[in-house]
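A single structure is presented below for examination.
Labels run A, B, C, D and E following the written order; every chain starts at residue 1.
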Amino acid sequence: MSDPVTTATSDNPAVIPVQAGPGVNPQGPTQERAASLWSDARRELIRNPIFLASVSFILIVSSMAILPSMWTSKNPRDCDIKFAKLSPSAEHWFGTNVLGCDYYSHAIYGARPSLSIALIATTGVTLIGVVLGMLAGFFGGWVDTLISRIIDMIYSLPFLLGALVILGVLRQSDLLHSDQWWPPVLVVAIVLIILGWVGVARIMRGSVLSAKNLDYVLAAKSLGASNSRLMFRHILPNAIAPVVVVATISLGGYIGAEATLTFLGAGLQPPAVSWGTMIAGNIDYFNEYKYLVLIPCGLLVPTVLSFILAGDALRDALDPKLR
Amino acid sequence: AGCQTDSTPEAPAAGGTIRVGSSEAAGLLPGFDDSPSIVVLRTIYAGLVENDNNDGKVVNQIAQSITSDDNKTWTVKLKNNYKFHNGEAVNADSFINGWNYVAYGPNAQPNAPFFGSIVGWSDLQSEDPDGEEGPQKAPEPKAKTMSGLKKIDDFSFTVTLAEPFVGWPATVGYSGFFPWAKACLADTKGCNETPIGNGPYKIEGSWRHNVGVTVVRNPDWAGASKGKPDKIEFKIYDKIDTGYADFEAGELDIWDGVPPAKYKEAKGKYGERMFENPSNTFTYVGLPLYNDNFKEVKVRQALSLAIDRQAIIDAVFDGRFSAAQGVISPNFEGYRPGACANCKYDAAKAKALLAEAGGWKGGKIVLWANAGAGHDKWLQAVGDGWKRDLGIDYELKVDLQFPQYLATGDAKKFTGPFRLGWGPDYAFLETYITPLYSTTGSSNSSGYSNPELDKLIKDAAAAKSIADGIKFYQQAEDLVVRDIPVIPMWFGRTANVRSENVKDYVYNKIHGTVYTEITLKDPNAVK
Amino acid sequence: MGRYIVRRLLQFIPTVLGTLFLLHYLTTVGIQLTGNPIRALFGDKRPAPETLAALTSRLHLDDPCLKQKGNPCLGLFRERLVDIGQLDFGTNFRFRPVFDWRGFFDRAHASIITDALPYTIKITIIAFTIEALVGVFIGMRAGMKPGKSLDYSVKISTVMVISVPVFVLGILIQQFITRDFGNFLRGQEWIPEVISRGVFGSAYKQEFPFASLIIPGIVLGMLSLATTARLTRTSVHENMRADYVRTAKAKGLTHKRVIGVHTLRNSLIPVATNLGLSIGGYMTGAIITETIFNVPGVGNQTARAIFQGEPAVLIGITTMLVLVYLVANLLVDLLYAVLDPRIRYE
Amino acid sequence: MSDVSVDMSPSLAGVKMTAPLLEVEELKVEFRTRAGIAKAINGVSFEVNSGETLAILGESGCGKSVTAQAIMGILDTPPGYITGGQIRYRGVDLLKRTDEERRLVRANKIAMIFQDALSALNPVFTVGFQLAELFRKHRGMSRADGKKRAVELLDLVKIPAARQRVSDFPHQFSGGMRQRVMIAMSLALDPELLIADEPTTALDVTVQAQIMSLLAELQRERQMGMILITHDMGVVADVADRINIMYAGRIVEKAPVYDIYAKPSHPYTKALLESIPRVDLKGQQLNVIRGLPPNLTRIPAGCAFNPRCRYVRDACKVDPIPPLYEIKPGISSACHFWKEVRGDD
Amino acid sequence: MTDVVLETRDLVKYFPLTRGILLKKKIGDVKAVDGINIQLARGETLGVVGESGCGKSTLAKLLVGLEKPTSGSIVVRGKDISKLSGEATRKARRNIQLVMQDPYTSLNPRMTVGDIVAEPFQIHPDVAPKGAIRGRVQELIDLVGLNPDHINRYPHQFSGGQRQRIGIARALALKPEIILCDEPVSALDVSIQAQVMNLLDELQRELGLSYIFIAHDLSVVRHIADRVAVMYLGKIVEIGSDIQIYEQPTHPYTQALLSAVPVPDPTLRGHRDQIVLQGDVPSPANPPSGCRFRTRCWKAQEICATQEPLLEIRQKSAHPSACHFAEVRDVIHATQ
């Protein structure tokens, strides 16, 4: 039976010279070993035009947020009521607002608070929500009961009430009146996080519940995998998809929520500008001066869209079945 | 002129239902002081006196006469043919008992302070023995009735004031002085839901909270004008934008108060169907005189002069307000145009004055307003003006909710100029002076104290006649606009719109739209 | 399972107590920080101190602990619990009772909650129906053909809805749909009033108790509708490749059935969570939509109570909402077991 | 409702009952993946007739399931694409028909038993629902009738206490029972052709024997053609009429069942048969085929089996690919050196 | 037995049986594993065969600690592992590994094959130094006959058999003392199956592994097992060396089972003497009294319904058999 008509390749498969195929690094295994869900996803992403477009847009907008002076030489606080509500012109690209401030510089300077609040809040909400939702779903029992009840409690509070009171408390520290730009942003973001993580946590808990008894989780368990490994290597990647969706969606919501809070006087303090406040503060003038609302919307919507599209692309890239 | 359209000789077609936009009242008892309450109360109640729809002059309604020799003890004589909707007669007791009820502290009626000038008022209030912080609860007040109210007979009584006040008869047209039926005093809760008034209209059914109040003509009304529409439907809106939107959708005949941002559009759209008139609400920027930076008069004058009121009104409010020319409403007897020289925009003069005063030393000026009410925009414009013309940078502090904001003001803790407003309590210009600027004024939030002014007020109250009194108050106004303890900004402007179906629109300078006198072109348009 | 439900119901008690305490604490801190809310009733005018004191003490806001920042006022909380235990939820600042169950049956006992609740229930039903049906439907359609034009148009339109603050959205809808388009409809004789004045009215109307809630309901449902649609899309997309979907295809079922029954059912588990959550979320939304469209419901009352700082109203309303929310959540959890029989509750 | 037993199964235009039940010709399927194009099927041809059982054997991953999916028309596209060939059912090329026409062929004419029963059954519907659905959607039966039929089917596949189990969910069944449910599902509509993709892998031998004899019986009764895909040489020996051996997406040998076992004509077949554990080899190493299955993105030139073949010569390592040499009527082999392999001459 | 590495004592697992969706109530127990006593010696392979649903997988899950036993104990080297907790369980698990039955669901769809196989090393970092993991993974992949090229692929890109091998590679990684194979080769074609079995054999010889090998394919079990246990409805009905079970089966169920084994020889088609069992498989929720097999047994008598036959050596059975009428019958060589 075993009269091996040996060819170079048959005996020890490990030494078969690996022919490089498309997408496989000819350098061989060292490089190849790098492949993991994340590195594959990265490779996938940099070839996805929609992802690239979204990310470019996000980068553009981020550069506005980080270095507004690169985009405009005007000071958003140079306002002259005599030049109020001018239509867009060469002097004022986006016209002026009701106080006679250059609206273009507002649009640029408005990026920073909007984006940073949205990003900080989304990150915080996602982190806390994912971790607590995971713990609740994974361990069940009293951990679940405790976390779920806390979720219930926070969830049933009216958002506005919670936000107003928490902001009131945080305001005592006078963070909202700092000379720095970030303390008020942080304060608003913290409020959004405190009240927002529960949604993500519930979604996460639901996904974990259905993922935790799958065979591959059991398999890892029987290998002696620690709970954290089960949760973060096995369950998390397979349960995160709905969270990504909710997180990217709420990112848009947070920009709006900041506007609502500011509108109620609880958020940023004017004359600080954000896109949300630009929309909220000018909605009354919409009939006559449409550009006052359309311009910030025109920045906000594509930004949120970019985040959502990028999130989608990320999620797809993390699903090997789609490859 | 109060009446917008010229009345035709023949009586206008009466009848029909008019639909009026309003908002949820705090209550439908005369003890409530908010305007949605008052709007309804004025149709179902009638007071001792009325303001004439044409010129705002005080005329007797239920009162036969109100007289005094010393401006201190007033004798009120009543007509005897008025009845409450439940058939009770309107007599001296209706007033005396009602006023005592409102004034009695534990009843917690918002209008209680209006009786504060009557002798014996403080006996009806309880005093906390160990201060507010203390653990003990306040005891029962000493008395249940004010000693200053004395019944002479069924249809006359006397009112004794603690201090002489020439304008007192003008104040009793206010809804807080409306009479109370016995049945109403017996069941105030029920009466709040289903009011028992004495006016030309009476409630149909009862108050549908947050939805509406409907009143119908009272056939037993003894007054001169019987009221034009058969029925007035007050529809309750929470936000003026919604109410206005519903007006635009043809659901309302009268809408009082076009939203500021829609004003320009509405003006073009409704043309002569929009009625405009200066209103009596006064907006000002108070200056904290308790703060060293604002002690210098010239600084205050400079700040006031550096505000281009008209530009702000035009830019932010589409020209919706009337820039203040003094501190008294243009609708009031005794108003003088241009009374305030420091209220005109004059950047050069402002700069000069500030220089004279030695410049500004307070660093960034902090502008205060309460949160969520949309005041930040125009305050920014004010600040921008200062920054531009006086080189004073500013910041806004607009994050305090109303109670906290007011408490901060009451505690004199504002660190910079603060926004406040004022509305008249009664149709007498005194209401714009004493509470705001007298040393002990109930709403003197700037901490202004000028003995000269206090004296003028005293003199005015003791004046022989109303006309005499007005002269003193005008002198007081002159002091105020010179010293600028508050920077007068503007008076509001009514912008009331009406549907095509409205024929005669009647406006009373003091109270606003007179719903009971409105006539319709087609009374049957709404079934 | 029965025991599971009983256990969950028992857990309601600590949750409700917890929420009540949280709320009590928030309102207390609110008062401690911002001062006596009664003061604001008088607006810019400063009230006579006596009047203020009288009102304050009648509304039980004169407890000294309300002046000590950070004090949880446990005594007040206990009193409040005792009152609530006796179904006495107190009154608002205008002395209207917050809750009186008899108000559901008898106008003479009308109270804030019994007046407001029916409207909110109606608007919630409308919002929920729209969210569930429309959201799941468009999400499913988008998920079936990912990357196609429908997918993108759903994506873009949901992004619009999501990123524009609700009140802006509501105002725009009011301007363009109920006013401009509505006025056009009202100009047409042949259109029944229930459409032109009811559905497309700018505000809630007594005459059209259901029709005039449709647009507010849509606005209310819109935000979570977007989430539902996106979630459904993702979920369907993920499950499309499942082996049992292949089986369904092999059974010769129509594409519609393969997607609509076999894929969808499995995809609904995360969606169900979201739907359950959105019932709670509606309250935040209702505060805004009800105000914009003048619906005299719970949201409207909550908004008023928040801005006037009326603790009794807030606590009364929230107690009720918490119960609604908890029941909704319990139902969602039970729904899990229906949707996914592999989950078992013991 | 129960007398609505009209055959709602539609007929396909152009069907010739005289034509062979199923002919697959030069079928090519590829998967376009990120790592390149995996040529899973590279020209597979075979036919099945009514009443006949064709067994397809081959290494894991050689493309058996993909072939079956291509016939059913349930290949996931993307990434799988049929790039060539024909699949003729009764003379009609299914690949040229519309989706709707193909849909009606599924389950009605050609049914399939899936390899993995747990994931192939929908976890959220009861077994009864999933069975009754076929009757409801294809035969227009009522729910109650559908359920009745579902119980009958479960009985047919020997599920104990079928009446109660019908409302259980798949996860409540053991692996074997699930597989039987799958079988029941495929037989529900009396298909003309049954594709059984490892139908008994999860079954114990007693049940397997029952199921196989059940299948054989039904096949006899209904003149049903069957494609049996399996690894179990014993089962094949028991039920197959003809055998096709697949390797790397091609058929390398075709022969009647007796011939294969007696005298394999392809080195791969030979090696495969030698790997079967036998009593006499107890305690010894089993024979294995050395080397690795080919990477489908880079199939070697010439005969795909050449790197692992004992009989390999230079000719095997270059194109053209060895054609299917017809050895005798009904027997063919894709080996240049089939004679040597058979030990003929 | 001398070197016992694993022993179970009266191992029992009941699953609660519920009805209804909303208001589930317990209506009984599924007696999946009902009093199993086995011993596994070092270097030994115990085959477990039996009807599907008789509790084989449940037994395996109990042994690796994925299910908690209802009662009874599992003793590994003198320690009752079912009573351990936390870290100790994780340590204990290292020694006893499971190859799962279902290759489709037992691999994380979002991990590459390389990561899946490397995972045991990451969980137990003391097994291989970090730098060596890669090499070990490749070795293992290679060992189970997969192309090391595929290390970066995801499970869904493999055929069922390929996936099963990934599972085996993962279980082998830690070189455990005991490997539980729950039908490890049922999805494999015979040549790969042979490879896997050779591999298991080799590993056993080299490392002295012990196996519990669950399979339906009796010829595979026969090839690999030293001893064989036959299960029926949660109980072992017969246990003995491979020769004893295959050549001299004494329990009727074993006999029926063996007679049904298909033989890869078409010439024998229709000539084998198959014992066809009558009746339905009873439900494990409500097993028959006495002998559980009696409802389908051709030898059943009254005593079978009243008295449960113990698993013991009997007059006509040289090895333990749970039948009152145990008697040798050669079914394998029987032809008609």
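Simple rule for what comes next: contacts are C-beta pairs under 8 Å (C-beta built on N, C-alpha and C of every residue); 3 or more make two chains touch, one makes a residue touch a chain.
What you are looking at is a predicted structure, and each value in this text was computed from that prediction instead of being measured.
Q: State the chain with the largest centre-to-centre distance from chain E, centres being mean CA positions.
A: Looking at centroid distances, B is the chain farthest away.
Q: Could you work out which chain's C-alpha centre is the most distant one from the centre of chain D?
A: Relative to chain D, the chain with the farthest C-alpha centre is B.
Q: Determine the centre-to-centre distance between chain C and chain D, using the mean Cα coordinates as centres, and give it in whole Å.
A: That pair's centroid distance is 54 Å.
Q: Round to the nearest whole Å and give the separation of the Cα centres of chain B and chain E.
A: Distance between chain centres, rounded to whole Å: 90 Å.
Q: Calculate how many whole Å lie between the centre of chain A and the centre of chain D, each centre taken as the average of the chain's C-alpha atoms.
A: The mean C-alpha positions of chain A and chain D differ by 48 Å.
Q: Which positions in chain E are in touch with at least two other chains?
A: 102, 104-105, 145, 147, 149, 152, 157
Q: What are the residue numbers in chain C that touch two or more other chains?
A: 33-34, 171, 175, 241, 243, 303, 340-342
Q: On chain B, where are the residues touching two or more other chains?
A: 372, 400-401
Q: For chain E, which residues count as touching chain D in their complex?
A: My answer: residues 49-54, 57, 101-102, 104-105, 145-147, 149-150, 152-153, 157-162, 183, 186-195, 197-198, 201, 216-220, 222-223, 242, 246, 256-257, 260-269, 274, 276-277, 280-283.
Q: Can you check the complex and tell me which residues of chain E touch chain A?
A: Touch list, chain E to chain A: 61, 64-66, 89-91, 93-94, 97-98, 100, 102, 105-112, 114-115, 119-120, 122-124, 134, 138-139, 142, 145, 147-149, 151-152, 154, 156-157, 167, 170, 174.
Q: Help me check something: in the complex, which residues belonging to chain D touch chain C?
A: Going by the criterion above, the answer is residues 69, 72-74, 76, 99, 103-108, 111-112, 114, 116, 119-125, 133-134, 137-138, 169, 171, 182, 185, 189.
Q: Okay, in this complex, where on chain B does chain A touch?
A: It comes out as residues 259-262, 264-265, 308, 311-312, 314-316, 370-373, 376-377, 380-381, 383-385, 388, 395-401.
Q: Taking the touch rule as given, give the residues of chain A at its contact with chain C in the complex, in rising order.
A: 145, 149-150, 152-162, 164-166, 168-169, 171-172, 199, 202-203, 206-207, 209-210, 213, 241-242, 245-246, 249, 252-253, 255-257, 259-260, 263, 276, 279-280, 283, 286-287, 293, 297, 300-301, 303-305, 308-309, 312, 315, 319, 321
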